[in-house]
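There are two complexes below, and they share chain A, which is joined by chain B in the first and by chain C in the second.
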Partner chain A sequence: MALIEVDALSTLFPSGEGDLRAVDGLSFAVQPGETVAIVGESGSGKSVTVMSIMRLLGAATRHEGAVRFEGRDLLALSEAEMRKVRGNRIGMIFQEPMTALNPVQTIGSQIAESLRLHRGLSRRDSRARALEMLSLVGIPAPERRIDEYPHQLSGGMRQRVMIAMALACDPALLIADEPTTALDVTVQAQILDLIREQARKLGAGVILITHDLGVVAELADRVIVVYAGRKVEEGTAAEILDRPRHPYTRGLLEATPRLRGGGGHRAGRMTEIPGNVPGLAEILAGCAFEPRCAHAQPCCRIERPPEVPVAQDHLVVCRRAEPVS
Partner chain B sequence: MNDMSTTLEPMVVIAAPPPQRAMRIRFAFRGLLRNRPLAAGAAILTAILLLAIFAPLIAGHDPRAVSVGDRLLPWGADHLLGTDMLGRDIFARILYGARVSLLIGGCCALLSCLFGTVIGMISASSRLSDAIVMRVLDGVMSMPAVLLAIALMAIAGGSATNVIVAVTIVETPRCARLIRGLMLSLRERPYVEAAIAAGSGQIRLLTRHLLPSLMAPLAVQATFIWAASMLIEAALSFIGAGVPPSTPTWGNMIAEARSLWQVKPALIFVPAAALSLTILGVNLLGEGLRQAFDVKAGR
Partner chain C sequence: MTTPILDVHQLRTWYPVRRGLLGRGAAWLRAVDDVTFTVMRGETLAIVGESGCGKSTLGRTILRFVEPTEGNVWLDGHRITEMSRVELRRLRRHMQVVFQDPASSLSPRMRVRDIIAEPLVNFGLAGDRAAVDARVADLLCQVGLPRSAAERYPHEFSGGQRQRIAIARALAPEPDLIICDEAVSALDTSSKAQIVNLLSDLQQRLGLALLFISHDLAVVEHIADRVAVMYLGKIVEIGERAALFEQPAHPYTRALLSAVLDPSPARRHARIMLRGEVPSPIDPPSGCRFRTRCPYAFDRCAAEEPELRERPNGQSAACHLDALPALS
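Right, the complex of A and B next:
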């Protein structure tokens, strides 16, 4: 059984010009121990998706669909029940380690907080566990670091602390929202290793939000490509990276800067996808990518594209895709 | 990125020895002394506070004891700063006046911050409460403090308590607005969101993540209210609408000296200087606190 099943999730922000649909009927599932990457450019609804799963978006936001996690629909839980899920069964790593830690509390007390909250540990026990977590995430001299404040740590260290906080209660699901975007490239690799290793140890599922296809190649088992809040392609990481079928995924891959063999830079410009992401208030009857698509046909504008299985474990939401026979 | 992780050397960590706790405290203390306004303000206020607390021991005279034979004596060994037109010891009256000033100032600062924090938080909690609370506060703020105090004195009679009530009513909105603004901006901080994502409830969020961050600006605001309320108290005493005239205050000392200051300038100069010095001390303390909080954490 899937660990978490997101079923036709839509997230709507009410506004003066009607509801803004940031996530539009997104469905996916994560198995225990599996790492699923949600990929897309800025504004495609990646972060909103996980914020919706965690119900962090505030009272004005409306949700449609269901998020089934451990046999319950998270969207239907009361706020008190949801609090018991957050930080306990689902751990979250934020993008900005610089600002996602409270500047006026020691890192030790911040890690201990969720332990005392969810596990009811005493001050001493939670401190011992926080110490354990700090050494687990590779912070040297944890017995000294535990009483330090975030501003005394480097960016990589802080992200390690964030991971320690997210993992403190042994969550079944780990959500990492662009965990390496704010970090140096060298530190990025270490942090990714750490997330992979810890998730494997716990047997936890991971939802990884990123726009960095390097990170996807490094960490993900399965990839979901989203565009304008909709899924456009889903498949194993190898399938998506090696045989992308959707024009948007192809564009995304071609827009990735890379080094050519021999050490020289590739001659010429990087390819870019013409046009912009459609605004949230725009109502798109057909394919969301149609206005920017080089292969668009008249019918793409009128009708939603179907989900087409193009290989085993590979789904493309495009009218032009050829299904496997 | 794939091959990046495999070619990386293991992380080399060079760590400095940790400063011992006692040493850390000493460093912090030295840091505070280097903060000139803070050190100066604290020194001035501590001195005045000690003089006020131990007034009965230091003064040597009853501040209310009238002695017709000793009127308008110059400063000397017996009467340190001389006597006023009723032969009362000016030094003693200054010390006892400091008690009134500091007490009223301190109470007003404390109460305004307390009420202001509660009201500010209520205001920030929802859009509806924000609209209502803020409009009410705007109304309260439009009343001049001195005028409100006079009205209150006229209804309830002059007493230290009523002065405190009047000043608190006027100063609370200032504090509430500050807290509301801070709450609105703090709520959007990623670490608050991270705390919610870790399962914190409203109360824990408030006490563990929001209140500590409010303390610094609140302390600075408190010093401003302290200074402002001492000035208002002096003004009220001056026009005779404050503490009853039987209690020596700097304000009524200045008022009584009005007719005689050409004969004996010290009568008006000494209490005015005391008031100015105290307010200078409070303002220096506030400025020092502001600087101290600014540097830390690079906020």
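Right, the complex of A and C next:
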């Protein structure tokens, strides 16, 4: 059985221009021990999706659909029940560390507090576990750092503190929103190993949001490509990275900067996907990517494209995709 | 010879810290420890290195958000390290910054329009309201945000969109130098490309110089003219991009380059994993600071600190070895 099942989730922000639909009928599931990556350009609704799962968006936000986790619909839980899920059954690594860390509390006491609350650990045990977590995420000299405040840490250390906090309670589901953006490659490798270990040892599921397709290749079992709040492609990591079918996914892959190993030549221009993500107020009757798509046909603008299975474990939401025979 | 736009000379920034729980008296955390380099007009110097090696502190010290312990910084011949706050404020127009964590640098109660217009208004650069609005709209467009973004607040944007707002604000007064601290790390590959290309264009048009702090070596390879590699508060290697990427002269640079991930399976390669922990910047190792993790360390490395020496390829590296052993 799936660990979490997101079923036709929509997230709407009320505004003067009518409701803004940041997530638009998104469905996916994560199995125990599985790592599912969500990729897509900036503003495509990745963070809003996981903030909706965690129910962390303001009271004015409206949701449609369901999020089934451990037999319950998270969207229907009371705030009190939800508090027992957050930081306990579901751990979350936020995109911007400073918004998640309390600036006037030492990092050690922030981690320990959550352990006492959710795990009922004593003061002493929770501090010991906090120390262990800090060293697991590779914070040098953790016995000194544990009593420091967030502003005394470098950007990458703050991000690792948040990772330590998210993993401390051994969550059944880990949501990692851009967990390694502030980390250099060596530390990144260590963190990815740690997340992988969590999934393997405890059978935890992982929802991984990242712009870094190298990280996807390292860690993800399955990939969901989103555009304008909608799923455009889904498949195993190998399928998506090696045989991308949606024009948008191809664009994303081509835009990945790669090390070329010097090469003596003047740095060239980086590849971009022409055009921009549509604003949320734009009404898109057909395929959301149509305005930027080099392969679009007139019908793409009028009708929503169908989900086409193009291989085992690989589906594309595109009119131009050829189905498997 | 033209004067460099930025000249950093023997800069040190040490933070006072407690030494352990029971520690008496202050100790010093040597975040930046004797750093010297220049950036020419229109040039991009990238600063790379592990988390905690002092990159952000270096940037913040140049901006004088943090006071240096020692050393000097000149911007276009003006000594920043001697300036009063009033003089500094005037100079800010020429030196802008984009921070690592956009959420903490954008005022949550200001509309995007006012955030971007702030430097224009402060430095009297834009004229009347209509002119300011037009300039804001133009800047939003340049960073790939819709015009309608002007009327909204930062929290209504995604992480990457917020980063682009910060970039638009930095571009607004057409500065001579922008210090970019992980400015594009939070962006997706396509927006990253857009912004990097935009910065390159502005460089050619306006002679904009960049101090580009980043751990993303693939982006650095695209944007940098020269690269400085930092380790525990010191520059261990500095030189032309191509020389440094093709033939790193410092073992640390080589290890950094080998750790880059690549999405295509054919290009995944063996990584050199560094042994051991990053040593403490409070008690850095004697001699060469990298020696505790260096696969090639020998006796002399503990006894004597290597100076930055010029290599045949043109770059300078602080390593006692004249050439790195071939990779097996």
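Operating definition for what follows: the second predicted complex is superposed on the first by the 286 of 325 C-alpha atoms of A that agree within 3 Å, B and C clash if a C-alpha of one lies under 4 Å from a C-alpha of the other, contacts with A are read in each partner's own complex, and residues count from 1 in each chain.
One rule holds for everything that comes next: a residue touches a chain if its C-beta (ideal position, glycine included) is under 8 Å from a C-beta of that chain, and two chains touch if they have at least 3 such contacts.
It should be emphasised that the depicted structure is a prediction, and the values quoted were computed from it without experimental measurement.
K.L.:
Considering only the touch criterion stated at the top, classify A:E41 as touching first (chain B), second (chain C), both, or neither.
P.N.:
Second partner only, chain C.
K.L.:
Applying the document's definition of touch, where does A:N102 land relative to chain B and chain C: first, second, both, or neither?
P.N.:
In the superposition, A:N102 touches chain B alone.
K.L.:
Tell me which partner A:E322 touches in the superposition: chain B (first), chain C (second), both or neither.
P.N.:
The answer is neither, since A:E322 touches no partner chain.
K.L.:
Quick one: is A:D313 in contact with chain B, with chain C, with both, or with neither? Answer first, second, both or neither.
P.N.:
After superposing on A, A:D313 lies clear of both chain B and chain C.
K.L.:
Please indicate which partner A:E132 is in contact with in the superposed arrangement: first for chain B, second for chain C, both, or neither.
P.N.:
neither
K.L.:
Name the contact category of A:E197: first (chain B only), second (chain C only), both, or neither.
P.N.:
So A:E197 meets neither chain B nor chain C here.
K.L.:
Check the contacts made with chain A and report whether chain B or chain C touches more of its residues.
P.N.:
Of chain B and chain C, more residues of chain A lie in contact with C.
K.L.:
Would you sort A:E70 into first (chain B), second (chain C), both or neither based on which partner it touches?
P.N.:
neither
K.L.:
Just checking: does A:L252 make contact with chain B only, chain C only, both, or neither of them? Give me first, second, both or neither.
P.N.:
Touch status of A:L252: second partner only.
K.L.:
So, A:D242: does it touch chain B (first), chain C (second), both, or neither?
P.N.:
A:D242 sits against chain C, while chain B stays out of touch.
K.L.:
Of the residues on chain A, which ones does chain B touch that chain C also touches?
P.N.:
Chain A residues touching both partners: 96, 99, 138, 140-141, 144, 185-186, 188-189, 212, 214-215, 217-218.
K.L.:
Can you list the chain B residues touching chain A in their complex?
P.N.:
Spelled out, the residues of chain B in touch with chain A are 1-2, 4-5, 8, 11, 13, 15, 18, 189-191, 193-201, 204, 208-209, 212-213, 297-299.
K.L.:
Please give the residue numbers of chain C that touch chain A in the complex, ascending.
P.N.:
Per the touch definition, chain C meets chain A at residues 15, 17, 20-21, 48-52, 56-57, 100-104, 144-146, 148, 156-161, 164, 181-182, 185-194, 196-197, 200, 215-219, 221-224, 241-247, 255-257, 259-265, 267-268, 271, 273-274, 277-280, 282.
K.L.:
Which part of chain A faces chain B closely enough to touch in the complex?
P.N.:
It is residues 54, 56, 80, 83-88, 92, 94, 96, 99-105, 113-114, 117-118, 138, 140-141, 144, 149, 151, 162, 165, 185-186, 188-190, 192-193, 212, 214-215, 217-218 of chain A that touch chain B.
K.L.:
In their complex, what parts of chain A are in touch with chain C?
P.N.:
Of all residues in chain A, those touching chain C are 13, 40-43, 46-48, 95-99, 138, 140-141, 143-144, 147, 152, 154-157, 160, 178, 181-189, 211-218, 238, 241-242, 251-253, 255-265, 267-273, 276, 279, 281.
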